[in-house]
Amino acid sequence: MTTIRQQVLEANVELSRRGLAPFTFGNASAFDRASGVVVIKPSGVSYTAMTERDLVAVDLDGRVVEGKRRPSSDLPTHLALYRAFDSIGGVVHAHSHYATVWAQASREIPCLGTTHADHFHGSVPVVAHLSDDEVAGDYEANTGHAIVRRFSELDHRNVPAVLLAGHGPFCWGATVTDALDTMTVLEEVARLAYDTVVLNAAARPIPDGLRDKHFFRKHGPGAYYGQPR
Amino acid sequence: MTTIRQQVLEANVELSRRGLAPFTFGNASAFDRASGVVVIKPSGVSYTAMTERDLVAVDLDGRVVEGKRRPSSDLPTHLALYRAFDSIGGVVHAHSHYATVWAQASREIPCLGTTHADHFHGSVPVVAHLSDDEVAGDYEANTGHAIVRRFSELDHRNVPAVLLAGHGPFCWGATVTDALDTMTVLEEVARLAYDTVVLNAAARPIPDGLRDKHFFRKHGPGAYYGQPR
Amino acid sequence: MTTIRQQVLEANVELSRRGLAPFTFGNASAFDRASGVVVIKPSGVSYTAMTERDLVAVDLDGRVVEGKRRPSSDLPTHLALYRAFDSIGGVVHAHSHYATVWAQASREIPCLGTTHADHFHGSVPVVAHLSDDEVAGDYEANTGHAIVRRFSELDHRNVPAVLLAGHGPFCWGATVTDALDTMTVLEEVARLAYDTVVLNAAARPIPDGLRDKHFFRKHGPGAYYGQPR
Amino acid sequence: MTTIRQQVLEANVELSRRGLAPFTFGNASAFDRASGVVVIKPSGVSYTAMTERDLVAVDLDGRVVEGKRRPSSDLPTHLALYRAFDSIGGVVHAHSHYATVWAQASREIPCLGTTHADHFHGSVPVVAHLSDDEVAGDYEANTGHAIVRRFSELDHRNVPAVLLAGHGPFCWGATVTDALDTMTVLEEVARLAYDTVVLNAAARPIPDGLRDKHFFRKHGPGAYYGQPR
């Protein structure tokens, strides 16, 4: 479990270092499926003061198994994703600027270029506002359920990110480090798309063939980008 | 009084360090209600050269009680706020970029996302231009009076910031450090809102229920964000 | 003359350090009216390699009086300004980003806020494109003549900057250091105005009374900003 | 060949250092016409880890002549340019932000100012999307052929850059260092043009006479900018 704790601490600190999480607006967690333990950032602790001892370990039902801090208030959202997306081992949330702008505008991020297609196979979707009852009830868990519903017809492995309307992005991956890297790329992709539609409101997504070419030359069995492993 | 001086010096220097006050366009003050003394930045002194000895201490009527410098020309605005808002102990003014852009556009900053709702319960309001007579008269004091009038039907504790049309923002808080942090958040909130309405001119404020959920999970008796105190 | 050389070297290096002159797109000069000597940056020498010995000293007719380098190709523009504006001792030109954007858009920078009014008494004007003959002839000198004509009904002391359509800004002042500071402020004022009109295309200049209040509380005999001198 | 390897390594690292190539989205190569050898970046290796030994040397048909790594997947595009443009010795590709924005918007970059005209004699053109067959076939080589066709009526020496629709820019020059400098200037020119058309959608290219004056005072036999060589 030490390794996961180190990765979670590093991912939370990197969120801030990469400029993705102004103030303490962000949290990262990792899930070890073998032991059933999730490690997550404590609530409202500054990135510069945080140590491994501040991290909180919980089970998939959110019961604390180690740590004295209160976990991030977004924990129930993370848990819903770990339960529904069986290939993932890390989740990251932040108010990274351009991804949050698309979320506030309630617009999905269209696939306008190959930078996007190299990492996301199609648009990054938006989850619409929850109902008043969902907000008044178990808000953070209901947020997770809404994300899972939104992906009922999407492959979470090919589009490892989502925007919550009026809020910001969640990203995930095989590890918390992958989820962090996805959020880093998402921010640049969101900024490129933002400036593109401001320059040309009629900009269209790239052709499907070009999108597939770029995504699958980097992902899956036919990939030929990078060095042989 | 030493502590307040240190806080005021630190807040003024931080304004510049955080990129909120280009050149010397900014000033911070603190008010010690027990002794009735306000400590404020001197006028037109650069942030790098300023020491505690340059700060000026005045009473609520603006009479200098300690210090050899001329106080900030905006002092009468600060004093008007201390007299009217009885819960505050710090005031900060700056020409921080995006807050100033909204002020120059004479538009209030709508609550377009949870980053905003985490800190401000509703729009950040604008004070319209003063009349020619108010400008030609006691300009800086009249600016303070106009802010106070604008808040006659607003709770200054739940919305601790205002924009002066064609000028820039004022923020306040229990201490000058709180006021500085509010200005720091305001700048990011203003930038998020700016990019959001450029992307989607029809963007709407988040639902009232979501706004209340986010504001009150961090403020007031029902708060559950952060660590227990 | 040593002092002027040091100031000119420092101003040229500062142009780059402050992010106002990408690559070598910029030049600063100073004029010592007592000796009739202008010191200016050499043409196309990088800011990092430049030393005082690279600077070129010329008379008001552009004849080299000291130095082995070829002077900046914009020298004739500087000379025209020194001949026409009798209160100035420094001129700076650069392709600073936002000032250049307004120049490329052929739009004067309107006085949309007090940050502008604290430094420029009204709009920063644009000089329209020269005629084909003026460009094909003595281009750089004709540029200077066009600036001087544009100011025939403006006071160059109250508006110490101009934009050349499709090109970029020139600023001036009592010293080359003042001219550099004016260009630094101009860049922020241009950026504020840019973002303001993008946010609100109908944004109006601030009232004349507010503009005058801010400009004259900092400039001229009635000034009360800053410390007594 | 050592010198070329050093230049190629330096250019790839500089791409990242200058902020032109987020992540590993970029590649630079050089061509030594005497020996017929092209040296290029390996595929998917991070800029911080790369050494000269990671670079790959190939002939004009893409056969590896030295090195153990897989070359950049964009190699066939570079080779097509070296075969068609006989004056060039360096090629650089990146997803630099503003150039990529214009590419994603499928708009050529118009010559809106003298910063542009100092480096590019007219618009920077766009290559339209390849057909589905061209993408499904030898994608990277077909990309090169499309660039060459686009320049059938343009002089690649006077406009040393192109945008691929939905993708990003390629630049070239006499050496890989020149190509890198051109990409650096292109990014600022693209950003200036972006902000200009956002400010004024009706902004027009500068007059031909002014464009020619600026381009040819820096390039060709009549140049008079910089120091005599």
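When the chains are written out, they are named A, B, C and D in that same order, and each has its own residue count from 1.
The definition used in the following text is that a contact is a pair of C-beta atoms (placed from the backbone, for glycine too) under 8 Å apart; a residue touches a chain by one contact, two chains touch by 3 or more.
Computed from a predicted model, the values in this text were never measured in an experiment.
Chemist: Expressed in ° and rounded to a multiple of 5, what is the rotation angle of the C-alpha superposition of subunit A on subunit B?
Modeler: 90
Chemist: If we define chain centres by averaging CA atoms, which chain lands farthest from subunit B? Would you check?
Modeler: Here the answer is chain D, farthest from subunit B.
Chemist: Suppose you list every residue number at the subunit A-subunit D interface; are over half of them used by both chains (same) or under half (different)?
Modeler: different
Chemist: Taking the mean of the C-alpha atoms as each chain's centre, how many Å separate subunit A from subunit D?
Modeler: Spacing between the chain centres: roughly 34 Å.
Chemist: Just how far, in Å, is the C-alpha centre of subunit D from the one of subunit B?
Modeler: 48
Chemist: So which stretches of subunit B touch two or more other chains?
Modeler: 198
Chemist: Give every touching pair of chains, nothing left out.
Modeler: So the chains that touch one another pair up as A-B, A-D, B-C, C-D.
Chemist: Note which residues of subunit C are touching subunit D in the complex, please.
Modeler: 22-23, 25, 42-45, 69-70, 73, 95, 97-98, 100-107, 129-130, 132, 135-136, 139, 166-168, 194, 197-198
Chemist: Quick check on the complex: what are the subunit C residues that touch subunit B?
Modeler: 112-115, 118, 184-185, 188, 191-193, 195-196, 198-200, 203, 206-207, 209-210, 213, 217, 224-228
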